[in-house]
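Listed after this line are the structures, all set down as structure tokens.
Same chain, two partners: chain A is paired with chain B first, then with chain C.
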Partner chain A sequence: MPELAFVALTVLAVTTAIFALESKEVVYGAISLAIMLLSMAGFFILLDAPFVAMFQVIVYVGAVAVLIIFTVMLVREEKWLKVESGMLQRIGVIGGLAVGVAFGLLMLNTTLGSVIASGEAASYAQIGIVMINDYGAALEVLALLLAASLIGALMLARVDGEE
Partner chain B sequence: MDTPLILIPLLGGVAVFMPLLEVIFKGEMRGKFSSHLAVAALLVALAVVIYQPLTSPLELTASSSGLFRNDLMGLFFSLVVLLVALLVATSSLDYMKGRPNEPIYYSLLLFTALGMSLLAFSVDLIMILVAWELMSIPTYVLTGFWKHDAKSNEAALKYFILGALSSGTILYGISLIYGLTGSTNIFQILRASTGIPDSFQSLAILAMLLLVAGLGFKMSLVPFHMWIPDAYEGAPTTISALLSAGTKKAAFVVAIRIFVIALPVLHLDWQLTFAILALITMTLGNIAALTQKTITRLLAYSSIAQAGYILIGLTVALQTELGLIGVLFHVFTHAVMQTTAFLAAALIAKKTGHTDLDSYNGIGARMPVTAFTMTVALLALAGVPPLNGFWSKLVLFTSAIGGDLTWLAVAGVLNSAFSLGYYAWIVKRMYLDEGTSTTHIYEPKPFTIVLMAATIVIVATGIYPAPIYEFARLAVSSLIGAA
Partner chain C sequence: MESLLQYLMISVALFAIGVYGLVSKRNAIRLLFSVEILANAGVLNLVVFSRFLPATNVIGQVFALFGIALLAAEAAVGLALILVAYRIREDIDVLEMRELKE
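Right, the complex of A and B next:
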């Protein structure tokens, strides 16, 4: 059963990811991106990580995807920059496939399939304790990182006035 | 208290509140106040970094769960990157004057400086990733700081997309390592990595390749260098100095921590990879530099070639102690020389409005201080004795011989001689060729102070290199120390 769910989620994730990039209508692209992010949450549930899955849904599907869809609708333009699909794109697709196949073969070459997950999923309390106690400094730096991204994004987006 | 834990609130706090100056001040005061504040914050940060080893011997307690390790290695690298950030901030006093969004420029500069110096101390892969991003994301914006300049936009976009990809590969590598060893702490990985079963060896190699690719992007190793010339050319030239002398060096400290400490069991695998990468990086960098028509692109390719030299030391790090000493030594000397060269180029670009090499004709008579410092920096980059670049290259090439890679040392020496061709060519243009104009150009104080100070460092450490060498030696021995 988990295998079946995994295959289904993989097919869903890959097809929606491709559609998000290739779709001519940006709104459809945004929606299929949201579906892709949702199927990622499915992977996390399969991996016994409900905490991560929950945050994936809240942050990515709930906030990010909705923001993207709103932005697309607000700044809707008739013409979007379309890149001609030429030789380079074909080379890119083949290269990407080659890397994917190589990674897959490497994985098959190991005894990864025989590994049996041990123990149960970590509780929320445990995650919180580790995050604050052991990774407190990393959490602080992460907050600074978000602030830096926000400041940078605001700078790029603002229209410079004449004073 | 640990140095990195003091730096976070210090630099982070100033950087977060700096954009408020945009609202509080008007006109010229805005830029003046924010630039002085940034310089002050960096000076205090430097003082904090220096203060600790002076007052109390560094606690070499590599706690098994710690995110940071307060050792001389981290100290050395954070000194270098903070120094570069300080030079960049000081010269920006003039370079950025009157431009829009000045407080934000300095705020992002401080964020990058914090990210770089935290990287120097990090010994946990999660902390490394977070600090890596804190270092990278502000530089994407800084590269595109000229919002209305198409070249700057292109540079930023290229840098951002490839940068995001490289962060992705690093994260992939990190997650594989965590899966294999069950820990993100470098010292625990060291203990676990001997216990990886043979059937997982291919995954370990994959993890290593992903990390080489991701880190190699910032270190500007050759197959991952495509973004460098475009980014350095499009970015504000002061930021090119920061990218070349700062963020690149921070990537090297991560490479040292991960490849030398955490993955020694894979040693045979990465030594040949690194040797080949070093060879093609320096050769391609030097050959490409010879054909460039603008100074920023030329310095970008020269910076790629220099990364190749540094990589020689990393390649033989496990055979001879000289390898890592050479890495540290050259990281220091290259940071100073490259910053000087880029900042001199920034001043010339600002005053003449050109970056093409033809505009350098006769600049020696028009901007004497700038041309002189540029000359010293270029000769040091080429490795002309008695400047500091000569000594650090000497240590690097000697280490290659010590590590039984004589062919790499020979290649390094040949490349170094070859590079003199294009460095000396610029010097010739500045002093011997006649330009279109001979009027004297005013050289602003912040720039000349920075350039002269850096030049004094280049000459002084060239004549008397012993203290830096000794510092590098101590830092290297502190690396494994109390593991």
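Right, the complex of A and C next:
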């Protein structure tokens, strides 16, 4: 059963990632990206990391995907339907294939294939303890950064003279 | 349970798709999609290694959580920039934006 879920999630993630970039309408691409982010949450559940999966669904599918779809609808324009230039397309395919094949061959030549999961999966309590005790300062900085980026985004998107 | 290599191959595939999109697309929103795909491949790597390495399997998840939060901030600022560019230029073609540097 986990094997079947793994194969299904793999197919879903790769096809939706490609469709997000290649769909004619950007809105469909945005929805496809949201499905791709959901399938990543599925991988996290398969990897015994339900907390990360929950976080992924809340932050990505709940907030970021909705934000993206919103923006796409705000700046929607028929002009986008024009096709990308063939030259860039070819360079992109070559570049992507080169990166993929290079990393793939690199990993096939190691002994990573024989590594099997061992030990217990981390519990929520352990994650919380490590996050607060060892990385508490990083957590504070992250909170500051989130607040700063939110204020920055609001300032950027604000329309002048409409107070 | 699948082996480490299978998960890494998925990560590589998503990374390759992201690189392809980053190079070939001219629409700023598509570029943002590409960056999200690339970054998700990285986060998947963190969780995979935290599960498969024998000793410490918590820290990878903690870093994945930090990464997801950072990516949310990045997406918010990126989308705000796209909105501003669209309002000023009525277009979000990144090749057209090159004249900004002059």
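As a convention for this text, the second predicted complex is superposed on the first by the 140 of 163 C-alpha atoms of A that agree within 3 Å, B and C clash if a C-alpha of one lies under 4 Å from a C-alpha of the other, contacts with A are read in each partner's own complex, and residues count from 1 in each chain.
Here is the rule we use: a contact is a pair of C-beta atoms (placed from the backbone, for glycine too) under 8 Å apart; a residue touches a chain by one contact, two chains touch by 3 or more.
Because the structure is a prediction, the values reported are computed rather than measured.
K.L.:
With both complexes overlaid on chain A, does A:57 touch chain B (first), chain C (second), both or neither?
P.N.:
Touch partners of A:57: none, neither chain B nor chain C.
K.L.:
Report for A:152: first if it touches chain B alone, second if chain C alone, otherwise both or neither.
P.N.:
both
K.L.:
Name the contact category of A:34: first (chain B only), second (chain C only), both, or neither.
P.N.:
In the superposition, A:34 contacts neither chain B nor chain C.
K.L.:
Between chain B and chain C, which one contacts more residues of chain A in the superposed model?
P.N.:
Answer, by number of touched residues of chain A: C.
K.L.:
Using the superposition on chain A described above, determine whether A:144 touches chain B (first), chain C (second), both, or neither.
P.N.:
first
K.L.:
Would you sort A:109 into first (chain B), second (chain C), both or neither based on which partner it touches?
P.N.:
In the superposition, A:109 touches chain B alone.
K.L.:
Which of the two partners, first being chain B and second being chain C, lies in contact with A:135: first, second, both, or neither?
P.N.:
both
K.L.:
Check chain A for residues that touch chain B in one structure and chain C in the other, and list them.
P.N.:
103, 107, 112, 134-135, 138, 142, 145, 149, 152-154, 156
K.L.:
Within the complex, which stretch of chain A touches chain B?
P.N.:
Touching chain B: residues 103, 106-107, 109-112, 134-135, 137-138, 140-142, 144-145, 147-149, 151-156, 158, 160, 163 of chain A.
K.L.:
Flag every residue of chain C that touches chain A in the complex, lowest number first.
P.N.:
Within the complex, chain C touches chain A at residues 1-10, 12-27, 29-30, 32-34, 36-37, 40, 43-44, 47-48, 50-52, 54-55, 57-59, 61-62, 64-66, 68-77, 79-84, 86-87, 91-92.
K.L.:
Taking the complex as given, what residues does chain A use to touch chain C?
P.N.:
Residues 2-3, 6, 10, 13-14, 17-18, 20-21, 26, 29-30, 33, 36-37, 40, 43-44, 46-49, 51-52, 55-56, 59-60, 63-64, 67-68, 71-72, 74-75, 77, 79-80, 84-85, 88-89, 91-93, 95-97, 99-100, 103-104, 107-108, 112-122, 126-127, 130-131, 134-135, 138, 142, 145-146, 149-150, 152-154, 156-157, 159 of chain A touch chain C in their complex.
K.L.:
Residues of chain B touching chain A in their complex?
P.N.:
4-5, 8, 12, 15-16, 19, 26-27, 65, 67-68, 100-101, 104, 107-108, 111, 114-115, 118, 124, 126-127, 130-131, 133-134, 137-138, 140-141, 144, 147, 197, 199-200, 202-203, 206
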